[in-house]
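Look at the two complexes coming up: subunit A is in both, with subunit B in one and subunit C in the other.
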Partner chain A sequence: MADRSPRTRTLFVRVAWRNLWRRRLRTWMSASGIGFAIFLVTVGMSFQAGTYDAWIETATGLMSGHAQVQHPAYFDNPEVRHSLAEGTDLASQFEGVPGVVAVAPRAEAFALVSVGERSFGAMVIGVDPVRDAALSDLSTHLAAGEYLPSPDSAFVGTALATNLGIEVGDEIVVLGSGAEGGVAALVSRVDGMFETGRVEVDRSVLQVGLAAMQAGFELGDAVHRVVIKTRDARGVTGMRPILEAAMPAGGRLLDWNELLPELEQAIQIDRTTAAMTYWLLLVVVAMSVVNAFIMTVFERTREFGMLLAIGMRPGSIIGMLSIEAVCVWAMGTVIGILLCLLVVVPLGMVGIDLAGIEGMDAMAGQLMMPDRLYPALNVEVLVESPGWMLLGTLIAALIPALRVRRMQVVEALREEE
Partner chain B sequence: MVVECRDVSRTYDDDAVPVHALRGVDFQLAAGEWVSLAGPSGSGKSTLLHVIGGLDQPTTGSVVVDGVEVTALSAAQLSDLRLDKIGFVFQSYNLIPVLSALENVEFILQLQGVDRAERRSRSREALHSLGLSDLENRRPGEMSGGQQQRVAIARAIVTEPVLLLADEPSANLDTSTTRELLEVLQSLNRERGVTILTATHDPMVMGYTTRQVNLRDGNVVGDNA
Partner chain C sequence: MNRARRMPVKLLMQLSWRNIWRHRRRNAILLSAIAIAVTGVTLLNMMMRGMQQDMMNTAIENLTGHVKILAPGYRDDPGIERGFEVVEGWQTALPGGVQGWAKRIRVPAVVMSERETRGIQLLGVDPVRESISFLGDATVDGERLAGPGDSRLLVGGLLTEALDTAPGRRLVLVTQGADGRTREAGFRIAGVYRAEIAGLEKAFVFTGLEALQQLLGTDKITEISIRLDHEDLEAPTIAGLTGSVENLDVLSWRELEPQAASMVEISDMAIYILFVIVMGALVFGLVNTLVTAVMERLRELGMLRAIGMRPRVVVAQVVVESSIIMAIGVATGLMLAAAMFAFVADGIDLTAFDDSLASFGMRPTFVPVFDIRDVVLVVVLSLALSVLASFYPARRAVKIKPLDALRR
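What follows is the complex of A and B.
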């Protein structure tokens, strides 16, 4: 008769659970080891997730947004003529898309910015100040003056302003190539300055009003980017079909992964580095579980011999040991996840003050870090390390348990006699 | 015949010098018999018991239990044979320490896939027949050696096996407990017709059995059939 009915498995669970308490200290040690490893890994991963969220929000929040619609050739060849016609209307089309929280059209060109005898190259970006402020936090980095209060205002990076030797209220001349090939010229008044802490932005970006930019660069109503902010940056890939449905023919949709490939690479590198540490930790804990199960199998050799003698199959005994391993893992997981929640949930609400850490403030701009870091819990954080630990625990239990397959019943029955 | 052994030999080659535990043993056990395999240590009585029970394989020869050639069975088939046709009582009780007396008896029925109500009823009946009704919720550590051995017998007979094998069942028991145990086995043999094969060197055990087979140096040297 078969010994693998569901009823039998219920019995195995009962026997396995009770067996764990024959060596209480060993069980608690194993479960605590698993729990501690899961705690460390989940807390580490929640900090990573919070950091990545911060990186993404900081990086996309400054300029790029979560997604953009561009002329198909513009991303690879950003020439002024590669524009999208009727940009303002196009922006309006995306505003009603579910999950989209802000949309802003932008026209831009690389140009020479001059004041008196001084000239510097800069990226001149024409923006709708109201719409752009809803998705870009550049305006919040105000260092002096105001953010584009009038159509002929200019918003200049402090490093560029220093290079040009200008102050708020000064006039600047922008010279470049228009969309039709003619000379584009623009005169604006510096009404505000920004300082993001990112040198390449502060030194080379200049914002002006969208209408002034379109007029000066012969763009008509055309724009180069329609920048989109969604409710969740990580969910933007899943939104592609809806966004593409709202996109005009001849447009190209790019999400932040494509717009900022270096950000995705930075996240992957950080993940890989951390994963190596986590794996090392999980392997060390799994080794201790192997040790515990080696002890268990040796101590219970005669018992296993008796079970084999009365007709239990080796596979069923190994199954029972696997259930014991799963029970230890479950205890460890509960311990680890509870500890993780105790640490991460409060920190996730109040955040960690990075600005208060000495030296961090100066590095924040380069590291794309916000003032406060909020560790984040998600399904991946809560499932990944317990999942790997389950696999590790089962393998750790199976290594000694497989000895049962080679067990000679008569010899096993003589153990400890 | 419940058991038929023909020219059974068992040689252990583990050491440099081969050890001949059984040398061409011929042995038959009829239904309803209670036979003791007697002899000094190393005579081969336990080896013969293990070979008949499918716990060990003979080097040569044929062992047939209830019409099944044991030497031709796979490991899985041997497990099923032990589960369904043979009951074991060991020297050291060998109960599952984390289960109660009732659960220990039920365990083997659960391995057979017997449903809950039936296995509970049969297990209680087996314990009752051995005078253990009051102890069904006790775990092995809470029972005396004699009580544990009776639970082991209850577990062995609850499946209604064709053969009950008992290896030195009295080895760890005092005289009065041994007598009680033997009376239980005698009752099972006489009243329920259980066929029993016992390996022992205890004269008291031999006195209860219906037939005595003597072994020495792996050979059958006497049979009072």
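What follows is the complex of A and C.
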């Protein structure tokens, strides 16, 4: 190993590269196997990333936002009296925080919604229409009329409207219990209806103006949630310190992981199942590479014997085999990543039309999926699977290569070609 | 002539078998690759089937049943106005294999305690008949409903906490009567039930069917839910009922729980994709080994050709060798998977993922499911792959010219 000049090193690489082409088909098969695995894993991970982004975007976009400030007891025990005082001021405090895109205060209560003799229970949410529209998608699901045009308007889900037998322009009465324990009453005119496709929302949500809600439910200027939308949903955990600094004492900050625990866990489950498939794939491909190298070493026993006889060190032969392995890996990686880019980049730009796939349209509404899915490629995806594959390929080459150390020169030379 | 044309099967098997043993090491690696792939695929498959089964059962036990009879329009506007009267003898239209059925009233209602107000689904049931739904398995603190005439309530645990109430105390229910007027009445709580899917506890409040009919001023019901012994009986049941219950909708759980139904379909697709991907990865190793095996035997194959072996027998040799390797690998893999399945067959505790499992409609412990059809699919797929992988190596073997080969 004394003589390791750059010239010798390039020589090694050149010899290794030529060795690969002595068994053209085998090299191509090994490289394609590696490429196949890398292609599938990178494409799969890109689709996953795109799907999770879409899940987070649709789930947080409808109502919850990326983070919320609440009364410390409200999340576990949503009672009307667990409110934050001076909610409107509180909302403006967050507006200046860097990274915050939109802030909206909301007051809410469960109440009975009546029209004539018919009444149904619903979640009544008082919103500031301008601020809420900047933050929530609900106003974009407009099915009829307008989104809260005046302070005494109501915005109601289509299923609830059908149940109540009302149309745009009708008056509704909201009855509930106020923050002070008295009877809360509110009269509103239905000026608009929404249809999100999520039955539980369309059937049980009613939005009214924030001021009307606060007056009707004896809330003063108190609110139940200050909803915050940030530039990037995934970055919200990192923003916690800045947000907490802007929060008054006695508030509780919850990010979407806490607000929607099932979302985070759904992502975890999906990721775990996918990861098991990827590992299986990588191990199976790595084993075919082991196989290829076993055959290579076996066929070249005589050659190695000769090299040993003229004074080459076993370490150098193993080194050369490792270079061969790296070359095969590099070919596979280029194949896999090129194919991946070919698939993911165009699809990432135009998106996949989920609504066009049969059976998906029903899911889109129910499973918080958008109409189009955009696979997302990131560096992590492009580095991780080739990285593991490199490790797998090197181990695959070393398992048979270590035989060289145990080789008896004379016997090796006698081996028939 | 006839004799000569026949494929020498026994000879082929012998030749291939011995060839495999000539290269123990590399074939052992290939076999383990196949076995690992098959074991992994089968275990993942059993897990996915388990989840799928769970989602389906939950959807069905969630007061849906396999088949449900509803009045037209009830789904868009659930209420007692969309109720119906049961025709005498409607059950005669049911084919065999019915586990049970239940008549119910299900109406939206508002429930109020001294402190809190919540929206719920109020159900009037005959408790004996509810063995077909989750209510049959649910544990109850306090008393269960005594019968259809019982006018007390059975309330879910989470709702009881939210309302800050307890068995023996009273709740006020507000709902719509048959005449369209609002009914408001006080009920005593008989017991508190705990469901495996916690979300259900917030959604449903039960009382006796006849007691609820009396409150609403009707003798109608809003649904009949039917549970079958097996999912395959769904189509004949729907066909049988559709003709006999006139002016009513007979619906499958797939229509009533579209979310669960599409999740079931998606997991079907995911299983097939998994099969093709992982088994497909084996092709590369298999082709490599087979080509080497052919190239090493150039002389031997050339000689066999020279003494009169037909090309198709040469091809058969390669195919048989490939299939034997695959078959042994698959058998080993399946046995390993079966052994590992025995470990987890009692169920895996997934309480850590509780919230999300429930949102998918799954239970906190889930049991992997073994489906023989999937095993058959793996076997067929792997044999097809072994034939596919031997195509190129076999062509190489046929191209061998006896003279060239012998001269080497």
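Everything that follows uses one rule, which is that the second predicted complex is superposed on the first by the 353 of 417 C-alpha atoms of A that agree within 3 Å, B and C clash if a C-alpha of one lies under 4 Å from a C-alpha of the other, contacts with A are read in each partner's own complex, and residues count from 1 in each chain.
As a convention for this text, a contact is a pair of C-beta atoms (placed from the backbone, for glycine too) under 8 Å apart; a residue touches a chain by one contact, two chains touch by 3 or more.
All of these numbers come straight from a predicted model, not from anything done at the bench.
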Partner chain in contact with A:Ile352 - subunit B first, subunit C second, else both or neither: neither
First, second, both or neither for A:Arg18, with subunit B first and subunit C second: first
Contacts of A:Leu254 with subunit B and subunit C, given as first, second, both or neither: neither
First (subunit B), second (subunit C), both or neither touched by A:Ala215: neither
Touched partner set for A:Glu303, first subunit B, second subunit C, both or neither: first
Partner touching more residues of subunit A, whether subunit B or subunit C: C
Which superposed partner A:Ala85 touches (first subunit B, second subunit C, both, neither): neither
Subunit B versus subunit C as contact partner of A:Ala144, first or second or both or neither: neither
Of subunit C, residues touching subunit A in the complex: 23, 25-26, 29-30, 32-33, 36-37, 40-41, 44, 47-48, 76-79, 108-110, 115-120, 162, 174, 176, 180-182, 258-259, 262-263, 265-266, 274, 277-278, 280-282, 284-289, 291-292, 353, 355-360
Contact footprint of subunit B on subunit A as seen in their complex: 1-3, 5, 7-8, 11, 15, 18-19, 21-22, 302-303, 306-314, 316, 409-410, 413, 417
Of subunit B, residues touching subunit A in the complex: 50, 53, 55-56, 75-76, 79-84, 88, 90-92, 94, 96-99, 107-108, 110-113, 115-116, 155
Of all residues in subunit A, those that touch subunit C in their complex: 25-26, 29-30, 32-33, 36-37, 40, 77, 79, 110-112, 114, 117-123, 159, 162-163, 176-177, 204, 261-266, 268-269, 273, 276-277, 280-281, 283-285, 287-288, 290-292, 294-295, 298-299, 359-360, 362-363, 366-367
